[in-house]
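The first chain written gets the first letter, and so on, giving A, B, C and D; residue counts start at 1 in each chain.
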């Protein structure tokens, strides 16, 4: 039994890795591209995963937007920050912080909402994502974007600067994508269950150094680790297989630590 | 409220990145290492996340085993295969295949159970992992290992060669870690919902080429993509920060594709 | 004693990593850019390494073109091939093939002449570079380009397909940047001194596989090795140091082997 | 005409990438390994590049030691420093500093002599390498090692701390592998020709930051750039080609700059 596309559904209209778009299907509406038009009425009531021809004869794949499709799309839309957390980094954050179905996670800042979306998908209806965003305009935009793509019952959004404190207690993980994560270390400590996970994403090595310094005071944190993940795409073609010429060489470093119950003496 | 360690709990006893062990806490039992002994009775009834001293005065962290701790440990124990799916690769598989709370996933082969464990944690109690393993000894070992670390109600284990077919229908993702994934492409197609995810992990580029070839027949699959993920650890020390000297340079390539409903004409 | 710029000298006019140009200094001529003009007469008779202001007040560095400057520039000019051998790869070819002052090297194809230029600089006046290029138009263009940048007394150019054979004997290294290097393995063998170096640069893994196959026949070659070199640039800024966001992720693989005198039995 | 092995020649005795040795051929002497013995008398008067059998029937390749063979061997022998400049880094230093036949280069510290050896091979008999080493024991060891492998007429060794100044003027490049390269920036400036090359190799990012800071004072240097080079080896096997599992993930960063004649105003 496959999902059917409805009026109001979001679809990924895919030509190739560079030319693809997430669009809301609107009755009587039309998708326009320089490779031709598609009538949304031709999609409504049909299955995701179809290949449809534009009126100029070009074939497009019509997909249910994936985690990566949506995350990437959110990144494109935001003009607020040039750095969104990429899928490759979101994956390692989930795994290294043991975030899964049922987890309760604090996140800051909300930003584009791209990582919030991934976290909400991971924790599911039995978990919770508490996300903090200081700036009101960003908060409002993220709220609207998230409501488009996901049932947000498991997302609690705070329009509040996390530097002022975390309201939640006994959470499973605190995930930070902030300019000054070292200022939130103490708040994260107070919010976490013992043995649980601090994760911080930072583009520069200077931020990493300061975060480590803050995590090293008083012997309160264990298992400190900083990782960087590089993702390479391989172009597989008969008789001409090779890695792609260009890649994103750096997005950010991820620093992980676990809360100690009573720390080193 | 923090979890308390009980008789029968598994703990990670952590000295440093190289010297750490997952152990079952047994009443009246003792943990032995060349850095001294720890009496399990001293742990029972206390919180995870504590730092305890061995009788020779060395401090160990006592943690609730994380996803990564368990996954890595499963990899060490198996003598069956030299390749387990690493955390970095498991992360990207989850994200790129949109696997989250509630997903229904087919996996083959079960192998050490390390990836099964990660998938089960991701899909949670509202999802399902159907895992296939042809060899009986491996199947039995994986079963025992999985029962140690996770409630396995959401895991259905088949002691069956997936080359003979997939019993499930309309699943959200098929994840393969097999020597000959190209032979399972047709079975995967039949098991998947349209627009959903085929993911295959292979150490060699020759396997990737053959898998692409199988995925390219008949225009049945869309959005083919092969990724490789490199993880680098940064050693952060005051005045001496640098990437670690050695790293795992290659584990495997991951090939993704999405089932088309009616394919290219 | 520093070199002085003369009428007819080539200079690198440098604004930043993306905006820089190699130009011939011509009496009474003018350099034009959207950051203003520079009169060449103001450069003639002065030292390389100066910072000069354009008429609109922007400061440019004036350098003697380096190996990398010229190699990169040659790459830009050629429309023949999208792949030039990058500085990072040229470096490893020199080192792994033990090419230095006095070496005699066979190269094919000449292509843009970029690698020829690097080899000629390395072997110096006591060495020789014999370079083969099948296509006449490419041969002529490379000849003109090389004459601009280097005294070519140590370069012998053949307008000849190396598939027809190598005229030289007892050379120190054979360096190939060809679509089908495996077809030249036997010619390379005949041209080389025993224990000396075969080096082949290829963008695709399929070419590497075929080259290895050709090198593995009859046990005539030793110490086969294929390397790939990734170069990452670090943007060093006070309080904001990080690798650059984008990098060239793949140029080519380099395969090395050494001629055996009598081979494996 | 191939070189013949003589009494006193150095040879590389090669079994595989891990088991290979550079040895001096001594009349009536014997090479011992756990794969059998080789009589040096059987090598004398024969060509490099032969495959010889040990008395236990194992075949070894006998090669003239290459740049990489010697550089790697020097690295193994030194107990002084854990960091030698690897071939991959030496290659990029040569290219980015435009070092070739005839160049005059200042180097510090001499260390194991591995990089001195590469530089001497690059500049040849028409160039010069001036190398500084503060510690006498290291200086003496490097002197002995270099005399074994290369005619040292083009190498001038100073047993002197380069922090006290550089004796040479108008050199083409200054290459540093020192704990505190930023303290030598001014000396390097005074020694170099305008438009010529400062190159510094440092394992930690903190050293890079301090070096950039020193290079940024007074606008005296142009074209600052920091590179990191990663080398990956591909294991090419029929039907099982893949990058090797482990690699050296980090050796050092290389910082380059060019001396300005009169600097920024």
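Assume a residue touches a chain if its C-beta (ideal position, glycine included) is under 8 Å from a C-beta of that chain, and two chains touch if they have at least 3 such contacts.
Remember, predicted model here, so these are calculated numbers, not experimental data.
Mean C-alpha positions place subunit A and subunit B at a centre distance of 21 Å.
For the pair subunit A and subunit D, the distance between mean C-alpha positions equals 45 Å.
Counting partner chains per residue, subunit A has residues 205, 232, 241, 243 touching two or more of them.
Viewed as a contact network, the protein chains form a single closed ring in which every chain touches exactly two others.
Interfaces, counted as pairs of touching chains, are A-B, A-C, B-D, C-D.
Partner subunit D is touched in their complex by these residues of subunit B: 203-206, 232, 239-251.
Per the touch definition, subunit B reaches subunit A in the complex via residues 1-3, 14, 17, 46-51, 59, 61-64, 66-68, 71, 87-88, 90-98, 100-102, 118, 121-127, 170, 193-197, 205, 208-209, 212-213, 219, 222-234, 236, 238, 241, 243, 253, 255, 258-265.
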